[in-house]
Structures are given as C-alpha cells and as structure tokens.
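Common to both upcoming complexes is chain A, partnered first by chain B, then by chain C.
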Partner chain A sequence: MAETPGDLFLPRLLPPQEFFAEGNRGCQGCGAALVMRQVLKAAGPDTIVCNATGCMEIISSPYPETAWRIPWIHVAFENAAAVAAGVESGIKVLRRKGRYHDRRINVVAVAGDGGTADIGLQALSGALERYHDFTYVCYDNEAYMNTGIQRSSSTPYGASTTTSPSGRESIGQKTQKKNLPMIVAAHEIPYLATACPSFPLDLMDKARRAFQTVGPTYLHILAPCPTGWRHASDLAIEMGRLAVETGAFPLYEVVDGKLKLSMKMETRKPIIDYLKPQGRFRHLKEDDIKEIQRRVDENYEKLLRRAELDEGG
Partner chain B sequence: MAEDKPSWKEYPMAATIHSPGSATDQNTGDWKSMRPVRDSSKCDKCGICWIFCPDAALYMTEEGFYEVDLYHCKGCGICAHECRKEAITMVEEGE
Partner chain C sequence: MGERVGLEVSLAVSEAVKLARADVIAAYPITPQTHIVEELSQMVADGDLDAEYVMVESEHSAMSACCGAAAVGARTFTATASQGLALMHEVLFIASGLRLPVVMAVANRALSAPISIWGDQSDVMSERDSGWIQLFAETGQEALDLTIQAFKIAEDRRVLLPAEVNIDGFTLSHVVEPIVIPGQEEVDSFLPPYEPQVILDPEKPVTMGPVGFPELYTEIKKQQNEALLGSYEVILEVWDRFAESFGRKYRPVEHYRTEDAEILINMAGAMSGTARIAVDMMRETGKKVGLIRTRLWRPYPFDEIRNAVKGAKAVAVVDRALSFGGQGGPMCSELRSALYPLAEKPVVTSYIAGLGGRDITVENFQTIVEDTGDVLANGPREEYKMIGVRE
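This part shows the complex of A and B:
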C-alpha cells in the first residue's frame, strides 16, 4: 500500500507517459480523471478504450478536442461492454485473416457507476458471460455526477442527492448501495478487484493484472467527487483513503473465485471520520450514523469470513 | 467569431478526431484562484504530488523536482494536502 515508507519514492519509477492528457475539463480535484490517468499508465499505449456516456466522456472530449492519446470510441450509455466485446471479436477475426499484428491489445470498457450498475448492467453481464477477453473499468463516484448529482443504485445509504434530497421526511438515499463487484463475481470471471486512486500502486498493480489476464476482467474503482460529495477539492485523495480505512469501501481481489482482502484491518476508523467532511452526509443524526456504522461493520465481517473461507479451502 | 470556425463540410466524417491529446491546448489554468508554490528546501522529490494530480499538471525537471505546469493546473490543492513534507503551499492568485 502507498502508506508504507518503502513505497514513498516509488511514484518516481512509474511510467512518465500520460495517455489521458492534461487540459481535460474535469472539475477541480476530479477523482475520476485521476482513476483514468492511473489505469492508462498501467495499460500502456496498446490500448483501445470504449467509453460509455458519463463524466469521463464529457470531460475528455469536447469536440473537436480530445484528451485521449490512445484509440477511443464513445458509445451510448448502455452498451460500453457490448462495444468492447465487438472490438475484441473484430481484432480476433482480423488476426485470423492475417491483417492485424500479434501484440497483445488491452480492450478496455470504461463507464461510471450509473453506466454500469443501472443502465449498462445487462450489456456487462452478457459480455462477461460470453467470456470476451476484455477489461471493464467502472469508476464509481456514487451518483450521476455529470448531469447534476442524481442518485444511482450505487449511491450509499443516507447520501443526499438532487433526486434523493434530505429533509424532514427523508434521510436522503433510502436504499443500500448495490454490491456490484459481487454481482460481477457471480459470473465466475478469472479476475476482479476493487481499487481506489488514493492507493495508486495498489490500483496500478491490480489494473496490470487485469490487463494481463486472458478472459473478462473487472475493476471497480472508487472515484471521489468533490462536486457531488460536497467536500473541499483538496480532500479528494483523503476521502478515498478514509473510505478504505473505515471499511466503507473495502479493497479486495477475487482471483478464480477466491476472495483475498488487499488490506486486512484489525481495527478500522469510525465511519464518522469519513461522513463528516462530506456535505452529502451533513444532515445525518447520531442514530443514523450508528445505523451506517452497523451496516459497514456487518459487510466487512462478511467479507472477512468469506476471505478466511477461501484461503482455507 | 463565427467566421473563424471552419464550416461543417470541412470537419471529418462521423465526428472523428484526428489529433490525439489535443485538449492540451486548453488553458484550464485560468480556473484557479489558488496556486501551488513549492519550497525546494523542504521537498524530498518523492513524487507523491505527481501521482495524485488529477490533471497531470506536474512534470519532472532536470534536478528531479516536480514543477507545476500553471497553464493546466486547476488549483484543486491536492498536491499541497498530500505532501508529507508540507513543501507545497497554496497561494492566492495575484499575490
């Protein structure tokens, strides 16, 4: 993890090329732009990106400019995975006809949490089931940020958004965050991982492993969003770190069906540390926070038990 | 303004873009109200600011320091917040 002293100087060893260009129109402190920058550093130049509608498409390609330095195609909200599957199949056919080189190409589908958990779920499920050789990257900023912070099924319990506003009668988002990585894990794909850009080396290790694995792979990456989460822009990295350290967003990998926690925490920080700086949780009362703490603990215990089971078996 | 822009007939078919990374031309640096300033005597060149910058607005100089590209820096303050040596401070623009 990036926190250990040995890792301190490691950023200097990372590839200096930027495939996601400076001058993109992301908000100040945009976590999603950072996710893309780090993932593409791990991917290298032999990469084709299929990008669903969402923040990443809006901020990267205000026509006639583009922030991408690799082949990139923008597709509709629901079919990033389907297009990536098509690209992968197309390359396979061209290779069979001898019209394409033999270097490994990373076919990457990129979508936000709305484009993955809500709108693109069936295309994703189909592509995983057909076992295409591609990587799906979901940057999870926990709402439809680019259209004005509407709730998605990935919005956590208690968060206030413009379509689940908090008030006298409402706590904000009433339902639990959809556990998307586990839905994807149920497809029994060879590799999936959750990551956060606050731990860049961990994220890039996981991304590299996903790209090198043959078969469908999935990365679920938390992308702090100062605009939608309503915190100061310089706290973006801090928020990601707190999400991991409180257990709100645990980091793990599922390799061939076996779950492994990336960071086993005996004691976790109280969830209030993570909720307090964010404006979307400002309205929560003590009882609500207790309830959120209970849910986080429950989910984390469940993960710990599963990890123990998988390691033993 | 309108006459400066090419007509739609001159744009490539299907809205393809033939200049990768052309967003670099955009001056996103004028968004900021605070500007990062590095104190080289405190900096230990670890590169944490560089890997955490969402806008890739830092580049390595010959001496090994990470210099801020003020043309693209949006002034979010992440580098100043994450710097372990507290070598970067945010200064109000215009000062």
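This part shows the complex of A and C:
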C-alpha cells in the first residue's frame, strides 16, 4: 500500500469507469470529490447513493445537471442513514414479492462530517443498530464546508473556522475531534475502516470489502478541502498523505470487532509538516503545536496498543 | 362482501394498511397513534402482512425511511401524532416535493407545551401547507375506507403526492365501532400493486432531489401545486370507483340536515358526531340548523364549500386548533376566504373548542349557534370566540 514509483502503473489497476462525473461544481483540488470518485469506482454500477445535504450534494446536482451516473437521492441533511434504511428495506420486500431485480445492490449513504458526527448521528446510530445491509460513507473535511467553513465536532483541536475563529482569547477549535469511527465501532457492526483518497488502492480495497460485507458497514474517509483548510489547491493529495503519515488521521480497519492498522508507523513525520501548509492552523504558536503533537502521539499510541491487543487475542 | 365487526378504530386503520398490502412501514410510537403501529408490528410478526417494518429511532427517520422506500417503488405507510408530526415537519415538505406517494395516518393530538397527550387538531394544522393531500375521518368506517383510498389517490400517476388521513386522537382512534372490513379480493381489485413511474434502479439511473436554482424553483413549485389541485378530480374519481365496489359514497363535504338551514356548523373530525346530535335537538325546537363537515382539507374544496353554504344566513366554523395572534381558527379563515369573492355570502363566525382533549358538548354547540344568531341580529363582534373556557 506504500506509494512508490510503481504507482505509475496505478491508473491501470483502477476500474476505468467513472460514476461520479468530471465537470461537477466542486472547488479545484477538492478531496471529497476524489472520495466520491474512488468509492464509486469500487462500488460499480449496481449502486444507489443516498446523499445528505452538504458539499457533495450541492456540487453534483444543480438541476437539470447531475454528476451521478448511478441512481441517487438527496432528501435532507440529517437523515442519509434513514433514507438508506428505507431504500434497503424497500428493495428487500419488493424483491421478495418479485417486483425488483435480484442483483446485489450497494445501498450507500453519503454524508459529510457534520451530517454524520453532529446532526445525523442519531439516524446513523439507528440504522447501524437495526442492522440494515448498507454502507455509510462519511467524507470528513472537518467542518461544515457547504455553509462556509463552520466548525463541526469533527474539526480538530486548534483549527480556525468561521464559528471557532482563532482570536486574542482563543486558539480556534477548543475541543478535540470526535472519535466517530470508535462510536460507530461500539455498534459492533461487521466492518468499518478509515481511509484517505491519497491512498486510493487502500481506499478502494476497503470500500470493496465494505460493499461485499452483509450488514451495516462504515467508511470514515478524510477529505482534504483546499477551501476550508486554506491550502493550495494542488496540495490536497499531499495533505491527505501527511495527515496519515503524521498519525493525525491513522488508517485502520475494525473487522468483526478486531482493530487492524493499515500501516504501522513506528516513527512518524512531525505534526508541524501537516499543520504548516494549512491556513486554518496558521495562528498556532510553538506551544500549541507541541500540545497538538502530544495529543497526536497519545492517540496513536492508544491505537497501537489496541491493535496489538486485538491481534494477540 | 365485507364482514361487519366491532373493532377499535386504530386497529381498523391497521387492517386497512394490511388490506392495501403495504410493502414498507416505518414508524415511531407516540400516543394516541400507538395501537395502529403495534397492531401492524403484530401483523408482520405473524406473517399476516408481508412487509418490512422498520422500527426507526425517531419520526424524522420514519418519514425519511418512507421517502427512501417510496423512491424504490414500495407502497409505504407511517402513522404519528402531535410532537411526532412536528418532528417530521421538515421531511413532510420533501416527500411532497419529491412527489413520493407515502400514506400516513395522524391520530390528532395537541402540541406541547404544556405537554398533552389528548386530542385536538393543532398538529395537522401546523402542517397545512406541507403539500400533502389531507383527509379527515369522522367514523371508524371512514378511517378504514379513507386509508385504503389514500393509497390509490396518492399513487395515481396524475397525482403522485403523499396523503394523510386524520383521525382524532382517543375520541376516534380509541373507540370501538361497528366496522365493515372489506374482503381482500375486493381490495386487491380496487387497489392493485403500486406501479411507480420513476424509481431508483441501477438499470435506469436517475437523480432525485437535486438543487433547484432560482431560475427553476418557482416552476417546480407551480407544477407541484398543480398536481395537488389536480388531485381533486382524481379523488372524486376514486370515490366513485369505491362506491361502485364497496357501496359507500364519499364526497369532499358531508351535509347533514342542511336543507333550508339558516345557520350551518362547519367542522372536521369525530366531534361532528356530537354536532349532529346538537343539530337534531335544535331542529326539534324549530331552529333551522345544519352541519357541513369538511372531509377533504387539502386540496381545499372551494366550489363544494361555496355551494354548501348557498342560502344559509350564517356559517359557524368550529376549529380544534388556534392560530395564535391571528384570526383564530385555521378552518374558519379558509372558509372565509373561499366565500369572500361571492356577491351574496353568509355571515361567518369563528369558534375555537375542543383543545387538548376538552370535550365539545351538545350544549357547547347550542351556545355556538345561539351566539351566531346573536351576531346575525346585532352585527359582528370579536374575530373569534373560545368556547367552554373555565373563567
């Protein structure tokens, strides 16, 4: 999964079909659009997407245009999981009654971090608990981007957003990023994973696994956002890579309750490498960065121990 | 033919949903709707109804799941009341905007605060403009019949809109009435399986629920409104067809002793039963009183209402909901605007009664009619009156 010069061959390993069309209205260098593209390549044509309100919905469906080459529905902001539950239940019963074809269909709920960790958490929890056969994809750009970069509970400590602005009295976001994958894991679903489009093969492998698993599955995918993170638009891939390689956004899977790191990093790049190019962290002082480094290390060590425990058991 | 049994009205609604062979039911319990959904769960658990029952974690998710299920072509049902309907608010407008023929029963109940589990019609009145077809039942038979009809109306390709059957909480939902349960074969031939026009299907991908920019939003809303207005004819057609199959006739407005009536009472729902008794009693004392009961609330039956009041001197509208700081009763303001363009029109008086489970008694109706008589004699006074208030 390491990215090497062999990556020249990478494009040949990817399914050529695009189900999330080019020419959508996303910002230049949008990481979330890459998430859509890669997830759908893994999903293939037999897929229905239930999209929450947010960037991916807005940029893809300005009527009468659409970027979706698969069936797609948007109902509201906080209910993507509930809509997916309805789609899945509908197909199930209609199939039983001979009114819907028999091919396996990936029912996919797509929502941002706000639509998942905040306003949509209840619907998500309900759908996971009821054990619908669907995959929930959270593209995490770490704020409410669509409405103008307001903080969410998934915004990391120290990031400046329009509602957690840094100022003379404030570091910006004061709380720590909600650990959503672990909240999802507590539902004891058969498969969940974190991923990042900077590691496309890893992302698509995980997505395929999620789609092939019967029952509720969850993908939490970091989506660098040049507009909201305030970095150059050609740096999205680099930012995703650094998020992973500094340990700020570790990649792992939880399969039947057992956590497995996708890459174990004994040494990691310093967090400053990740923070520096991003305008949302520009105000941070040396001590703040030290504190963030401490938190990243602590979280990563915790994850390592959990992985070792799960492997040993 | 059907079988006549004594049945709690809630269970009659569940029976209607079973007879309609609903595919997906997504619901969240709230008094006084609970018996409807408990019975449906049991029917599914016993294999008497082949449906997916989605035990969602909220009413917001109930309506959202209904949207998802309807979007793949499933016949979809939910039921709620009061706070539950209020929690659905956002998604109600989306169901109609997406033209999804979801059917819902509302066991009408007061809105908090103070919290009240008892009946009135504030819940549905707050959702008046949600774009749903809205029907009111007075009796258990009607609750069952309207529920079956609601699917046929909603799913008609000329309509494709969600439809809601209102049954007053407790005063209708929880009473046992003699009800004719139609046979399954008859219902099957009246209501064949839903044949959707557009669904979410990988074989023919569509985009549902896109962004509507200002250049198009108005046109889309106009189209939606035309569909709701146009549903009127379809509703009449469905009622004709229903009468042919089942012998029970329905129309948008029910008339009771309206011939030569000078004062008409207008209202909706179960308390019209008491109004009838009051009308009979007042008729015995020589008062020319009648009742026009609104069954179809959306689309509003303008012409029927205008015809129904012809010749009357006054219409006393009784609302089980209060529009705070406004004109009082929502049904009254609707009727007033319907009559306003007429050159010759009756005096309209507005009364608020039966809030939060308070009874509307025969005496209350007598007071209402006397008060309206007083307005006829001495001219208009306040915008509306609250009836049966303890001073």
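Methods note: the second predicted complex is superposed on the first by the 307 of 313 C-alpha atoms of A that agree within 3 Å, B and C clash if a C-alpha of one lies under 4 Å from a C-alpha of the other, contacts with A are read in each partner's own complex, and residues count from 1 in each chain.
Here is the rule we go by: a residue touches a chain if its C-beta (ideal position, glycine included) is under 8 Å from a C-beta of that chain, and two chains touch if they have at least 3 such contacts.
Just so you know, these numbers come straight off a predicted model, no measurement behind them.
In the superposition on chain A, contact is made by A:V87 with chain C only, not with chain B. After overlaying the two complexes on the shared chain, residue contacts for A:S61 are found with chain B and with chain C alike.
By the touch criterion defined above, A:R69 reaches both chain B and chain C.
By the touch criterion defined above, A:Q38 lies against chain B but remains apart from chain C after alignment on the C-alpha atoms of chain A. In the overlay built on the shared chain, the residue A:N79 is in contact with chain C alone; chain B does not reach it. When the two structures are aligned on the shared chain, A:S125 is found in touch with chain C, with no touch to chain B. With both structures placed on the common chain, the touch criterion links A:V296 to neither chain B nor chain C. In the superposed model, A:H101 lies in contact with chain C only, and not with chain B. Judged by the touch definition given at the top, the superposed model places A:C225 against neither chain B nor chain C. Common to the chain B-facing and chain C-facing surfaces of chain A are residues 61-64, 66, 68-70.
Of all the residues in chain B, the ones that touch chain A in their complex are 11, 15, 17, 19-28, 31-32, 45-48, 50-57, 60, 69, 72, 74-78, 80-82, 84, 90. Of all residues in chain C, only 23-24, 26, 50-52, 54-58, 60-62, 64-74, 76, 90-91, 94, 98, 193, 200-213, 216 touch chain A in the complex they form.
Every residue of chain A that touches chain B in the complex is listed here, in rising order: 8-12, 14, 16, 18, 20-31, 33-34, 37-38, 60-70, 197, 200, 226, 232-238. Those residues of chain A lying in contact with chain C across their complex are 45-48, 50, 57-58, 61-64, 66, 68-76, 78-79, 81-94, 96-97, 99-101, 103, 105, 122-123, 125-127, 129-130.
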